[in-house]
Structures are given as structure tokens and as C-alpha cells.
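Presented sequentially are two complexes of chain A, the first with chain B as partner and the second with chain C.
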Partner chain A sequence: MKRIAVPGRASPPPPAAEPGVWRRLGRSPAARISLAVIVFYLLLAAWGCSGWELPDWRTVNYARAYQGPSPAHPFGTDIHGRDVLAKTVIGARTALTVAFLASVLAVAIGLILGLLAGYLGGAVDGIITWVYSTLESVPYYLLILAFAFVLQDRSINLWGMEFRLEGINAVYLALGLTGWVGLCRLIRGEVIKRREGEYVLAARSLGASPLRVMFRHLAPNVLHVVIVTFTLGFVSYIHAEVVLSFLGLGAKEVPSWGVMIDESKLELARGVWWQLLAASLAIFGISLALHVFGDALRDALDPRTRGTKR
Partner chain B sequence: MKESLRIEGLRISFPSPSGELVRAVEDAGLTVPPATALGLVGESGCGKTLTGLAVLRLLPPAARLERGRIFLGETDLSELTEAEMRAVRGEQVAMIFQEPMTSLNPVYRVGDQVVEAIRAHRRLSFASARHLALDLLDRVGIRRPRERYQAYPHQLSGGQRQRVMIATALSCSPRFLIADEPTTALDVTVQARILELIASLRERERMGILLITHDLGIVAGETDRVAVMYLGRMVEEGATRDVFARPLHPYARALLRSVPRLGQGRRRLEAIRGNVPTPALRPSGCPFHPRCPLMIPVCRREIPPLKVYESGHRCACFRAGEEAT
Partner chain C sequence: MRRFLVKRLLYCIPVLFGISLLTFLLFRVVGGDPVDRLAGKYARAEQKEQLREQLGFNLPLWPRPELLLAGDLGNFADNQLFHHLFDTFTFRFGRSQQYHRRISAMILSGLVPSLSLTLPAFLLGLFLQTALALLSASRRGSRFDRLLTLACLVGMSFPFLALIIFGQSLLAGRFGWFPILGFPEKFGLGVLTHTALPVLLGLVAGLGGGVRFYRTILIEEAESDYVRTARAKGLKESRVLFGHVLKNAMIPIITRTVVVIPFLFLGSLLLERFFSIPGLGYMLVDAVNSSDWPVINALTFVGAVFYLGAVVLTDVLYALVDPRVSLK
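For the complex of A and B:
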């Protein structure tokens, strides 16, 4: 096949690529610092998961119960004489694992249902909208509590494998099964906005099936919503894990920031404040970092703010 | 005429707020023989685009295909299942649209979009599909296809984007191409090059082309046959040469007169009196009668049938070929 001759001069070189998302993120010092904090927490959690040279939080030694902060124990010890700093570090593992698994579950459900509802419309949309409106009408923590209660100590049979939902497993399942609502609604809206778009029509005119249109053409276009929701949702899952553990529905036999705060209820009366401080500081640090980073990410990903100097 | 694209008795309606159906396309029919370009002209809202979309069964959800059959060769497209129809789209009949900016997915590199179009129909490895995509980009006249492959749609000019669209449409060598106002969004010099490209497809790839446009200049230059639509009806159809030399329908004649010409002096440009009625207020009888200079009483009562005049030139008018006095 011969090339079709085009008269005219040589085409100009392609325009310089506009700065990428990372470049735009990097411009803001707040984003850089918060990212460093998040990475620090992730490393702590990864350390906790690897089990390598973990700080000792198990050894019970009543001889050194309720010791104040000292060089050997920067955040003192608890009622059993265990190191509070070590518990806080393991608590990061608990919180981040729960938040990560819950986020993945919620994003998967929210994205798939949102795409289906938005693109297919009709009865599918009606059913999905009804389900999430119902879930949304129940106050958030009440809903998680209900789910956690129901799921607690239940065993489920998945493809012949038994899973026993105890402690932390029930928590992330409960969080994931309730957390998809917001994302689903956002995705549904974004998809409705885009489904009549010409590139969707163009893809269909080339023979793309509905699933192909949804997952190959529409999903990448709504990914910025997913990323921002993931980041901001992460914070609320960390909080939810703390709340559930505080109420005794979450972590058992593993340190959790929620359990630590629960324990400090009794300790404060005795003037033991360091466990509360350690857990609160840990939660404060990750929440603030994720919020700041999520905001910066939203600004960087939102095409409407592109090209503006900030 | 065996492998032509044929539309018969097409009727498309939209439900109006009051619940009754408003006919946007009424009894439209046309035939695109292979390796022929047919121009479908008419003013905005006369049902040209709907006719094109109906061929691929991609009408907007609210539209209702009430009647009509669409044949591709011997196959009746209206009887295919949705899955069979997907195999037709892109493989047999492809479509390109007016706005090349929004027809390309903004998040994919343009080369990958061509690959995507290829792989939607053919089981090819990514590498060989990529090879084919580069070849296609080259064939539609994109210079340095290797570099352009990596570009995102917003980095390309309108003309380049339309070329990429054409490359995706060509990816499975369809037998027919529906081009819905392919050059309306482009400036005039780019327009000419894109039209040149489309014309070359007809010759080199033996592709039948349905060119939907409101630009009579494009029709004169690029088509073999032309069909004129008015308010969802075909009013005239024939070889482009004949229609331009001797338009039979008063509407077609008025349209041709309203095109400015170089060297016609400082004459006032003729316009068609009145406005296009909305489809909801379709006049009785001949849809053109309220604006027609040749109107006689029968036009108000009866719809003129599409009659054949010499050499396949068809026209729906009781006073076809008569001049206004």
C-alpha cells in the first residue's frame, strides 16, 4: 500500500510534554513532606509484616509496669510492663493492613458497580442505586458495627476453603463491604457524564462490547476519582479500625491503636498518660499526612487546575 | 449491486414530552454501491446523522427505529443479534465522526487506540498489532508514525486527530465507511487534505463511502452520487453530476443557488424563504410546501412519491424539474 502523499512542509516536532502528575505534586513542599510521612508509616507496617527483628512487645514483666518515658522505653511501659513504643509500631501494621485491604475491597466493589450502574442504566442502575442508598441511609459507624457484629466469628466457605472471620478479618471485611458507597456514586456520575461521549460512540462503532467500553475505555477516564478516593478513604479506614478496636470488636491479641486508647481509659486516672499519647500521635501523624497528600493529589490530577501556577 | 449498503424505508422517532412520537426520519432509503461515494446532504436536524447511526444500530437510547431495513449485501442488519452486530461494526462498516478531539479517548496514546481497534476484532499479538497500527498511521499520512504513536490526543492537531480516527476506522479494512461531517471541525486547508485521503480510500481500498455533510462544495468534489434530505425525507437522489447540473426538486435547486460563487458579481445571495419547521410540526403533504415557490394545492394534501427520472435520477416532487415563474 502506497503512502498517500500529503503536500506541505515537514511537520513540527511534537509539543513538549506538560509536567506529569509527579512533577506537579513535587512542587508542593506539603505534598513532599506528607508523602515522606506516609512512606515512613508504610515502612513501619512492612517491618511489622516481615517479622524481622521486631521490637519486643510480648514480654510481660510486672516489675516494670507503668514506667514513665525513659531512654530505654521512650513511651514508657503498660500495665504488663510491655514497651509502649513497640506496641505502637505493631499497631501501625494492624491499622495499615486493615485500611489497605478494606480500601482494595471497597474500590473494587465501588468501581465495578459504579461502571455497571452508570453505563448500563435502567434496571441495573435502579438496583445498585437502591442498594447504596439503603446502605448510606444508615449512620456510618452504626453500619460498620452491625456488619462487624454479624461477621464476627462467622466462618465462610470459599471454593472449599474455610475462612474464620475473627478479630481483624471481620473488621476489614466490614469496612470494605460498607465503604464502596461513596466511590460507587462518584463513578456512576462520572460514567453517566462520559457515556454519551463521542469516544464511547467511536469505540462502539468499531465493535467494542459493553464490557470492553466500560473497562477499557471508561474506567481509565475515571481513575483519578479512584486514586483520590483511595487516599482519602484510607484515612477513614484507619480511624474506623481504631474505633472498632476501641469498642472491642476489632483487633484481639495484636496491638492496635484503638486497643491502646481503650486501655488508657483506666490508666489516665493513675496519671499514666504515655500510652494515650503514643497512640494519638501515631493516628494524628498518618491522618494528617494522608489528608494533605490526598488534597495535593486531587489538585494534581484534576485537569481543571492544570496549567495553573501553585 | 450485490455487495452494496442499502437502506429501505427507514423511520426513526423520538418520544416527545407529551408522549407522542416525533418522526425525525421518515421513509428514508438509499443505496451505496461498493467503491462509490454517496453524499448525504441536508440542513441541520434533517436526520442525516441519525440515518448514519441507524446503519450501525447505534441510535441514541431515546430514539426508536420504527421501521426500515438495512442490508449489507444480502444480510439484513436489523435482524442480527447484538453480538453479530458488533462483528459488523468496524469489520464491515466503520464510522468516523465530526469532532476528532472528543472521538479519541483522552487517556490513551493514539497508537494504542489504533491497536485497540485492531485487537477488538482480530486475535493478534500486541507486537504484530502495533506493527499494523504503525503501517495504518503511515497510510493515512501521519508523518513520523513512530513518534506520533506515543502522542496523546491533546498533543495532535485537529487534522492529525482525524487522520488517527480514520486509521482506527480502517484497522479492519471495512467495506463501507460512514463519514459523519468528517471535516466540519477542521479548517479549510486541512479539510481538503482529509477529503483527499477519504477519496483515495475509495479508489485504493475499494471502499464504499457514505459522506454525511451539509457542505455542497464537498459533495460536488468528492462524491459519485448524492442524496438530498429534507425534514427526514429523501427528496432527491442521483448522480452528483446530474443533480448539480439539473436539480429536479425545488429544495435542491434552492440549496444550490444559495451557495456563493466566485465571479458571480455583487448579486445578493439567494436564501430559501421561511425556516425549517421542527419535526414535531411537520407540515401535511410535501414537507417542503410552505417554503416552496412552486407550491400547488395538491402539495398540501399528498406526499409526493419518489419517482425515477432519466438515468436513475430520482425526485419526490409533483412539479419536478419545473422552474419558478
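For the complex of A and C:
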């Protein structure tokens, strides 16, 4: 098909690309600091323990079990003499991987279904609304527990390839398959508001297919909803991973903040507090940064709160 | 009113159908045949077959349309899907794999401990959250407001698990102010002492998100024109706040409040776990730990029923607080 210059290209640029957004975001010191913290966690998760003065988290040394914080082990050691700081760093990798994959999955499902439901309407809308109303009516933690429970240790056969859902694989699938509901509802509402807009009509009258209208013209215009949901969803996935791992439905062979907290439950009685402290601080830092950054992002992107001081 | 209620209740039917379909997909299709796991390594083949028959896993999953065409209705209806739908809609959840008790009886006996934990936490939380939000919103931009906003963010970011462990070991373990865990056999004054600490911890954990939410709503209301008019008329600030702002903020407050009611019935997963309170949250964690899928299945469905009930209640309450909404 010949590509024609669709006026939609020249349509109002998506809010995320507005030059003012990043400037507004950069003006707030809270946003800058929280972004720096998030980037720090991401680097930590990507880098892991290699390359700096940190012992491998797998190094077991029973002679050094339950040692308090010291220069060699800033957050002490656990029951097997493993370095708690190293476990916390790898725990960041676990948590961020789960949260990232769950967010990507949830955003993909939510965006596609929301666009379809909002733009096509009719029976498609009816079915999609029914599916998300159903998922929505199960209390959230009950739903993710049920999904994670069913998916854990299950093997699935996709086109002749055998996948075994172990550990965090089941967790991010469970979180992603249940987490799209809120975004889908928001996108559907936004699309219904915009589908009669002039740029949509222009694109349609030039012969753009429904798919093209949805993904080329409508999707960029609802991107701000996606970005904010992504940021704030990230926090809830991190917390959900911690709870699922704590309950034994999550990470098995890799360190996870949830497993660390589970272990610290018994350690506390014998005065070993550093593992709990390390895991809590790690969760606290990334959640606070994401909350602050999410707020700043919403303020910068949402035209309604623009100009009003919160 | 009656017509409205009937209509709202009819809306629930497709969703309930969806839930039972979802639990079927989860626990029968994706979850697969649990018999090998349940029977253990040393079970004989006929024992396994017997168990499979008892749980209905010997039947075909889906109805076969060719049987319907052949007019064989009895065999057409005899499949796992139809049995599952029928059982969930009649609240027949069978027995727990672990305790061999009837699940419906287990749920009923778990309600009281769950509610005696969550109801006080909910009511106190609602009161505290709205009060703090009102205070904060009425002094917007003051030092108190900014400090509270920061405290809310900090509270929201702190992991609940760590808060529970910390509170339990410090306040109950080290200081001995509260019993460490447990729940009295007989319902009485002992309930109060045993739920005091979990209620307190639940309260602290919910405070941040709650205050922030109500504050945003109240500020949005406080910026509208009718509030300026009320002030211009010379009304006292307290009158403006309670007579105008709070009254108009009722709709979003109700929306948030009523929707958490089903969670009250289900109890608090983690609090009940740590404090050994034999409620539904404890039951759920216990079922997950011992792969007791009928219990998880039942709780999922019952949780959804509670939720739908709360949604209908929300709509009725809207009409009661807002004269613009009428029940048609």
C-alpha cells in the first residue's frame, strides 16, 4: 500500500512529546532526586555484585554466620554466612525484573484491549468490559494469589516448546495478567472521548484502517495515561512480588526482598535485625522514589493540574 | 427503588458467571489434574482413580456438542464445566483437601475473627484519615500540611511486612504491651486485647494512602466556586468545611469506602498470618501453603460476591447522599 501523508501526522503532538513536560519535570527538585534514585536502583540491578568489593551472594561460610554489620559486611551476614548487602542487591534485580516484565505485560494488554474496546465499541466493547469487570470484582491480593498459585511450577506448551513456570516467571505472569484492568478502563474512557476528534475523522476519511487509527493516531494521544500508570503500577508490583515471595509463591533460587523478610521473621528473636533492615530500606527507597516521581510526572503531564500548586 | 435494585442485581449475573468461569479456567483447566500430587508417590492406580472420580476429574472438561445434537442430555451435562458452574452458583464448594471439613462451614467460622480485626481497623481508619485530611486540606500549604503530605508518602512506601514484624517483635515481644499472637476460643473481652496490636498496625499502614486520597478530593472540592461564595457570605470556616466541602466530597469518599468493605470480610492476609488469627485471610495463606485448591477457589468466588454486593450498596448510598442522583 502506498503511504499517504495522513493529516493525523500533523495532528496535535502527543502530550509526552511536548517540550514543556520535561522542562516542568526538571524544574522540580523532588522529581530530579527521585529520578536519580530510580536510575541508581536500575544500575544496581543491572550491574549486580560483580566488579566492586562485594562478595558473591552465593558464598556460604558457616564460620561467619549471623555476623553483625562490619566494614567487610555492611549489613552483616545471614544464617549461611552469606553477605546480606549482596543479597539485597540481587534482590533489587529480582524485584525490578518482576515489576518491569509485569508492567510491560499489563500495559500491553491494557493498552490494546482499551483501544479496541473504546474505538470499536459494540460487541467487542461488551466482551472486554465483561472480562475486566469480572477480574475487577475479585479482591486484588486474592486474585494475584490465585493466579500465582495456579501458575507456579506449571509447564506450558507453546508451539511445541516446553516452558516451565518456576519462581519469578509465575510471579510476573500472574501480576501482568491481572494488572491490566485499571489501565484498560482508563484508556477505554480516553478513547471514547477522543474517537470523534477531528484528527481521527481526518485519518479515517483518508482511508486509514481502524488498526492504523488506533495505534498510529489514538495511542500516542493517550500515552500520558500509560506513562503515569506504568510508574505507579511499578511500585505496586514491587510490593506484590515481596508479598508473594514471602508467602512462598515467588522467587525460589534467587534472593528476593520478600524471602529476606521471611527469613528475618525468625532471626529477630535472636537479635539479628540487619537482614530485615536491609530489605526494608531497599523496598522503602525505591517505593518512595517511584511515588514522588509518579506524582511529579502526573503534575507535568496532566493539563488539569497544570498551574495549580498542589 | 425496587426496580433499581432488581436491575443492579441483574447486572451482577454476567459478572458472577464470569467469576465462576475464571475459577474454572484457573483451577480446572490451567491448574490441571491435582490427583498425582494429592495421592502421593505410593498411591496405587485404583486409589488414584477413586480419588479422581470423587473430585470429578475423570469427567471431560468441556461439554461435547455432538451429544446435544444426539439428544443425549444426561451425558451432555456431565462434564467438569457444568458441574463447576452449578456448584459455585449454589455455593457448594466441597471439602478442604487438608482438613476434610466443609468449606462453607470453614468460611462461616472464619468470618467473626476476620471481622473483629478488620472492622475496628476500618472504622477507626476512616475516622482518622478523614479527620487528618480535613485538617490538612483546611490549612493548605502550611507547615503541618507539608509535613503530613511527606509523612503520607513515607507511610505508603514503607513495606507493610516489615512494619508488622517490627511492631510485633518490639511492642509485643520486647515491651510486652500486647499478647504476641493468638485469638481466644470464646468471643469476649479477650478479643479486644488480642486484636489491639494488629488493628493498630493495620491503622498505621492504611493511614498514608487514605489521608492522601481524601486530601486530594477535599482540595479539589475546596477550590470550586460555591466554596468561595460560601466564604464570601461570611460563613465560619468550620461551617464551610463540614457543611459544604465535606458534604460534596461524599461521593468519592463513599466510592472508596464501600469498595473496601469486601476486604473486611476476607480479613487481612498478612496480619492474620502473623498474629495467628483464624480468619479468612489466615485460611487463604494456609490453603496456598498446602495446595488446598478448593479453598482458594471458594474464597475467590465468595470474595467476588462480597465485592458485587458492596458495589450495589455504593449505588444506593449515592442516591441517599446526593439528591442529583436518582434511583431509576
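Definition applied: the second predicted complex is superposed on the first by the 276 of 310 C-alpha atoms of A that agree within 3 Å, B and C clash if a C-alpha of one lies under 4 Å from a C-alpha of the other, contacts with A are read in each partner's own complex, and residues count from 1 in each chain.
The rule is simple: contacts are C-beta pairs under 8 Å (C-beta built on N, C-alpha and C of every residue); 3 or more make two chains touch, one makes a residue touch a chain.
Predicted model only: the values in this text are computed from it and were never measured.
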item: First (chain B), second (chain C), both or neither touched by A:R154; value: second
item: Residue contacts on chain A - larger count, chain B or chain C; value: C
item: Which of chain B and chain C A:L301 touches, first, second, both or neither; value: neither
item: Touched partner set for A:G197, first chain B, second chain C, both or neither; value: first
item: Which superposed partner A:V37 touches (first chain B, second chain C, both, neither); value: neither
item: Touched partner set for A:L249, first chain B, second chain C, both or neither; value: second
item: Touching partner for A:I227 - first (chain B), second (chain C), both, neither; value: neither
item: Which superposed partner A:L145 touches (first chain B, second chain C, both, neither); value: second
item: Where chain A meets both chain C and chain B, residue numbers; value: none
item: Chain B partner contacts - residues on chain A that touch it in the complex; value: 1-8, 10-11, 14-15, 17, 121, 196-199, 201-209, 212, 216-217, 220-221, 223
item: Residues of chain C touching chain A in the complex; value: 14-15, 18-19, 21-23, 26-27, 30-32, 141, 153-154, 156-162, 165-166, 169, 173, 219, 223, 262-263, 266, 269-270, 284-285, 288-289, 291, 293, 296-297, 299-300, 303-304, 307-308, 311
item: Residues of chain A that touch chain C when the two form their complex; value: 130-131, 133-135, 137-139, 141-143, 145-147, 149-151, 154, 235, 239, 242-243, 246-249, 257-258, 261, 264-265, 268-269, 276, 279-280, 283-284, 287-288, 291-292, 308-310
item: Chain B residues touching chain A - in the complex, by the definition given at the top; value: 56, 58, 60-61, 83, 86-91, 94-97, 99, 102-108, 116-117, 120-121, 135, 138-141, 143-144, 147-148, 151, 155, 165, 168-169, 171-172, 193, 196-197, 200, 204
